[in-house]
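Heads up, there are several structures right after this.
What follows is chain A paired twice: with chain B in the first complex and chain C in the second.
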Partner chain A sequence: MISFDFEYYKPTSIIEAVNLFQYLHQKGKKPIYYAGGTEIITRARRNDLSMKAVIDIKAIPECTVFQFQDNKLIIGAVITLTHLSEVNVFPLLSRTSSGAADHTARNKITLGGNISGRIIYREAVLPFLLSNSQVVIAGPKGIKYASIHQVFKKTLQVEAGEFLVQVITDKNYINLPYVVARKTKIQKVEYPLATIAAIKRKEQIRTAFSGVCSFPFRSLEMEKELNDRSVPLRVRIDRAISHLPGPLLSNVEGTAEYRKFVLGNTLEDILEILEGERGC
Partner chain B sequence: MLTDGSRRLVMDIHVNGEIRNVIVRAADTLLHILREQLGLTGAKPGCENGDCGACTVLVNGWPIKSCIMLAVEAVGHEITTIEGLKDTPIQKAFLKKWAFQCGYCTPGFIMNCYALAKIHPDADDTMIQEWLGSNICRCTGYEEINEAIKSVLASNPHLGAKLL
Partner chain C sequence: MSHLDIIGENVPRKEALEKVTGAAKYTNDDIRPGLLHVKMTTSTYAHANIVSIDTSKAWKVPGVRAIVTGKQFPFLTGTPLEDRPPIAIDKVRYYGEPVAVVVADYEFQAKKAAELIKVAYEPLPVVNSVSEAIKRTAPLIHENLGRYKRVEEVYPEDNTNIANRTKIRKGDMQKGWMKSEVIVTANVSFPQSDHAAMETRCARAEILPDGRAIIHSASQSPFVIKKVISRYFQIHPGKVIVHTPLVGGAFGGKVSIQLEFIAFLASYAVGGRMVKIVNTREEDFITSPVHIGLDARVKLGCTKSGELIAAEIIYLFDGGAYSDRAAIISRAAAADCTGPYNIENVWCDSLCIYTNHPYATAFRGFGHSELTFAIERAMDLLANKLNMDPLELRLKNAIAPGNTSPTQVPLNVSNIGDLSKCLEKLRGLMNWNEGQRIKIGNNKVKAKGIGCFWKNSNTPTNAGSGAVLTFNPDGSISLSCGVVEIGQGTKTALAQIVAETMKMDINQIHVRMEVNTETNPEHWKTAASRSLFMAGRAVLAAAEDAINQLREVASIVLRCAPEELAVGRGRVFLKSEPNIGISIQEIAYGYTYPNGNSIGGQVIGRGSYILKHLTKLNPETGAGNPGPEWTVGVQAVEVEFDIKNYTYRIIKAASVIDAGKVINMKAAYGQIMGGMCLGLSFASREAFSFSSTGVIQNTQLRTYKIMRLGENPKYIIDFVETPNIEGPYGLRGLGEMGVIGIPAALANSLSLASEVELNQLPLTPELIWKTKKGDQSDLV
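Moving on to the complex of A and B:
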């Protein structure tokens, strides 16, 4: 049970949502945008959030788009992770997203919610980091397009009143060879020790990670080491791990040392697959 | 309707083929309203954190954990609870295969199995495991539950929708 009250709004256009946010913000309601709502509800139940208004964006047409247009795949922020898997037009995304939570939860969790959330484990962003996707963000200053690398730095960097509307991916990235590895301690449905998504493009391997550090990331320094084929595989991996952008997570799922062990072995498997052209 | 932002909302929701009028706080979960206002206590409160699946209901035919859905989100959608299923093959299969022990998780499992058989009547072992991995049975009766869903799927994999 959520112990405090809040107001609920369901605008049907971007401009209505943005105006509502500004109005509610000025009234001191601490509004938040709401898509699938799974993280918001669980945090609110724990009194970890204290908004006095939520703005549900599921009725905004631009947020529900899921189509190819001009050789780009456009995915609206409120498309659920299950829908992504069922339609499966972007296999890397389908596979990566299907690691989040469990199947029934993914019927509610949205792409935008997973990318914009505060939870450590945000697998859905990994394919977009690998594909240099663009994001569409709406806010008081209008609609802006930006590279995901510009706006996703540990978390989605949006200003007050802004929200993610769409993610746009070049069609050239949709069917590249890929590998997704999700390692857990015991069961399939639990937070991972590491989720690694990798693609091969123009003989170069790109990797993105979730559950390794306290935030999802793609590291060009790590990729440079992993693609240095002048040295043995294990050396490449060890050098790559030395460039992690933050401390290894150490929690109930696994210690930092164990994660490092799992990470190294999993990267070895991934490189062997992709360099052997056996990508999925 | 419910888009005016008021803290108490009067709304109609479509549950088990009926239109039901409820008064809700925007902060109320669907699980809470089903149980406390509509007397539909088949959906069980377990973890209330989206983990255990005991509160699973169908929203437009898809399983959803009603503890992580606001009741206000239900407007315009068809909700089905365990009370809305009568003598379906999956219910009979649970009885026949002894796919329950204490029974607390049973409604959630049945709703999930029902949806799976309807949406993917040709589901293979991997898909069954993926879908049913959303529910937890503290009595660990997973093997019998697995047998129950498989028996329904196997009875006519091409006519899953008609079976149910």
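Moving on to the complex of A and C:
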């Protein structure tokens, strides 16, 4: 149960949503954009979040797009993770996003919500980091297109009033060999010790990580080491791990030291698969 | 007569349709106009003095009717030892302890106000483990321990953190060690965890103008609630009425009385209006009592041929901030401290220790899955050292008639089940002789481990049960008893006992699921695997009483002696001439002659049962008789283990248990399988994670993991039936047994698979990795 009152708005266009945000913001209502609501509801219940208004973006047509257009796959921000995995047009994305939470929650969790959320795992972003996707962001200054790498640095860097509308991915990336490995403490439905998504493009392996540090990331330095086939596999992995962009996470799911062990073994498995035949 | 042969049959639960259709109602499902809502403010420190409680902002929330703090009602509760205020007074002793309680018109108002209560704390040093707690220099959690009132048998030690100590002194230890040629020591430990029942705890209370207190509670102990509400609030016991509808899982966690006190105080504070308190999942995890933790040291000595000679055992139970049932759990573990083995020389100290952790209460198995983990790890170490098959070692030492228990009870063919038979059966079911560790390629090995167990109950020596049978106009029977339906199916089995005794169709037996302490005969508590045992005896007596009454009336009508009559298929008839008889329907409400004259009157069968010949344990030696009989059994787990990643899959789990007599085969399977699942979940993943200041890190199901449906292994369940003369139809306690040997069996299989001794729980891959690493660095 949420013990405080808040207003609920459901605009039907981007401009309406953006204007509403500014209006509510000026009135001191600390508005937040609302998609699936799983994070907002559960955090508000614990008083970990407070707002006087939410703006539901699920009725905005641009946010509900899920289609190919001119060799690009366009996915709206409010497409649910369950829908992504059931439709399965982008297998790497389906696999990655079907790891988050449990099925009931994924029926509500949206792509945009997962990427923009405060939860430290945000696993749905990994395929887009690997595919150099573009993001569409709406805000008071209008609509902007940007590379995911410009906007997603540990978290989705948006300004007040902005929200993620779509993610656009080049069709060339959709059917590349890939591996997704999701390692947990003991069971499937659990926060990850390490989720690693990897693809092979032009004989180069790309990797993106969640659960390893306190944010999801892709690291070119690590990829450089991993692809340096002049040295033995285990050495490449150890060198890559030495380039982690932050300290290893240590929490109830696992200590930093154990994560390192899991990370090393999992990378070994992934590289063996991708360098062998092809990913699945 | 085959369909009347109902003992052992797969009778569907009487409440099955209600449950599967969602029509079943639980305590929190009852919505009433005018009901007020209660929310708690709980401690954010594990150990701190309460400096002040500022309720001014909370009072400003609309709808707030009352705010109750501990000082307003300064009294201590708890059995056996009164050490716990229902709402903290002056200091808090665990993270999540209730500090203040708000009553408001709506739940959100109560929650809002509870959040606005500002408590100023002065932090105290935190006692974060039993090993810290028993140090001489440890801060005292209860400064007045020596002055606390003892309600039942309990031995707290003043100026320490020891809430209870039970001593077992059997045989001659010096001689025992002299004769021992091979000795092993196992140190094991695991932290507290939780019951995680699907239904969180919930209570309603109201005080009527005539002084009657009406309590509704999701509880295993409605009759205890009646007694303690009467005792602490000085209300005549007849004026305390407790209702318990179906309970959505309990596992021991609903034995304690906690929310009922808070609900009563809250109702009192608003002039007796009905109030309701429902735990959130977080509160249910840590504010309400939890599953006990343990640190143990087991030293076993045996001859070269593997005959056990001596055992020295220390159990240090983490009872948390208040002793509650943990004190009795520590005694129960002492009474059965050796596991089901014949050992002549036994020394055991079993302690219930205070820490700044949530307080512990009963958990399915009541100390036995805990002690069994310690003993069975030691048994595997011993088998290893002797280079002996672990199953053979157990077979060699299996307890049997003629032996004595650690509390020096002589064992006979009735009071102890047949462990050897269970072991032999399991050997076949698990294909034990194919080998216990088999490489299957791909970095994988398959490994099997076993764990033997026994369990007696540790109820009060006068625990008992009652039953009443009344008849309906069609001659069918309604059964009234005080057993709570917590998902275990006891009431269906009781109906089977009535049907069998009355030789009636099971569909003619109706059982009331709800317990009402005003109208149901008392049943001690729905706990300790004693419900079917005790209530079954009461029901048997009630059925026999009804039969005698029916024969009495029928004998007049049929003009014969009552002894010449039998009852069956809804009739009373002449044994010698079964065609001559009369239907129960015609006499259950008295018999009316054609001219209108009537005789008899309605038949009401009544029966009761009380446990017999139980004694308290001698405080110096532990000698005494704690319970009526021991159920024994053996369990095994087979895992597929990845030697590179230390991950594993549980493939198979098996149980062979001496049930005495199985009353309902499918229900027994369900009980055992559920227990095994609980045991696997607890052993593999369930544990509270404490920060260095005693703050619990995983108070949600997001991070406190329990086993999911798809993760269950193949379950193999079988029974041996060695009748217990005291039990109805020879049955033995079964409810808790599925869980007891499982943690040990899993640890034994994984120790074998990983080739490192795993003496801690939960058995996560990280623990195995860490133990492996420690093991390797030890060699360097």
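Please note the rule applied: the second predicted complex is superposed on the first by the 280 of 280 C-alpha atoms of A that agree within 3 Å, B and C clash if a C-alpha of one lies under 4 Å from a C-alpha of the other, contacts with A are read in each partner's own complex, and residues count from 1 in each chain.
We adopt the following convention: a residue touches a chain if its C-beta (ideal position, glycine included) is under 8 Å from a C-beta of that chain, and two chains touch if they have at least 3 such contacts.
It should be emphasised that the depicted structure is a prediction, and the values quoted were computed from it without experimental measurement.
The partner of chain A that touches more of its residues, comparing chain B with chain C, is B. Contact with neither chain B nor chain C is seen for A:E272 once the two complexes are overlaid on the shared chain. By the touch criterion stated above, A:I41 is placed in contact with chain B alone, chain C being left untouched. In the superposed model, A:K10 makes contact with chain B only, not with chain C. Applying the stated contact rule after C-alpha superposition, one finds that A:T82 touches chain B and leaves chain C untouched.
Contact with neither chain B nor chain C is seen for A:E221 once the two complexes are overlaid on the shared chain.
Once chain A of one complex is fitted onto chain A of the other, the partner contacts of A:V189 extend to both chain B and chain C. In the superposition on chain A, contact is made by A:I2 with both chain B and chain C.
In the superposition on chain A, no contact is made by A:D170 with either chain B or chain C.
Of the residues of chain A, those at positions 1-2, 4, 188-189 touch chain B in one of the two structures and chain C in the other. Here chain C touches chain A in the complex through residues 107-109, 111-112, 115, 644-645, 684-685, 689, 697-698, 702-703, 705, 707-708, 710-711, 762, 764-766, 769-770, going by the rule given at the top. By the touch criterion given at the top, residues 1-2, 4-11, 37-38, 41-42, 44-45, 53-54, 56, 58, 82, 98, 101-105, 107-108, 188-189 of chain A touch chain B in their complex.
Chain B makes touch with chain A in their complex at residues 2-7, 9, 25-29, 32, 48-50, 53, 56, 59, 62-65, 67-70, 72-73, 112, 129-131, 133-135.
By the touch criterion given at the top, residues 1-4, 47, 185-191, 251-255, 258, 261-262, 265 of chain A touch chain C in their complex.
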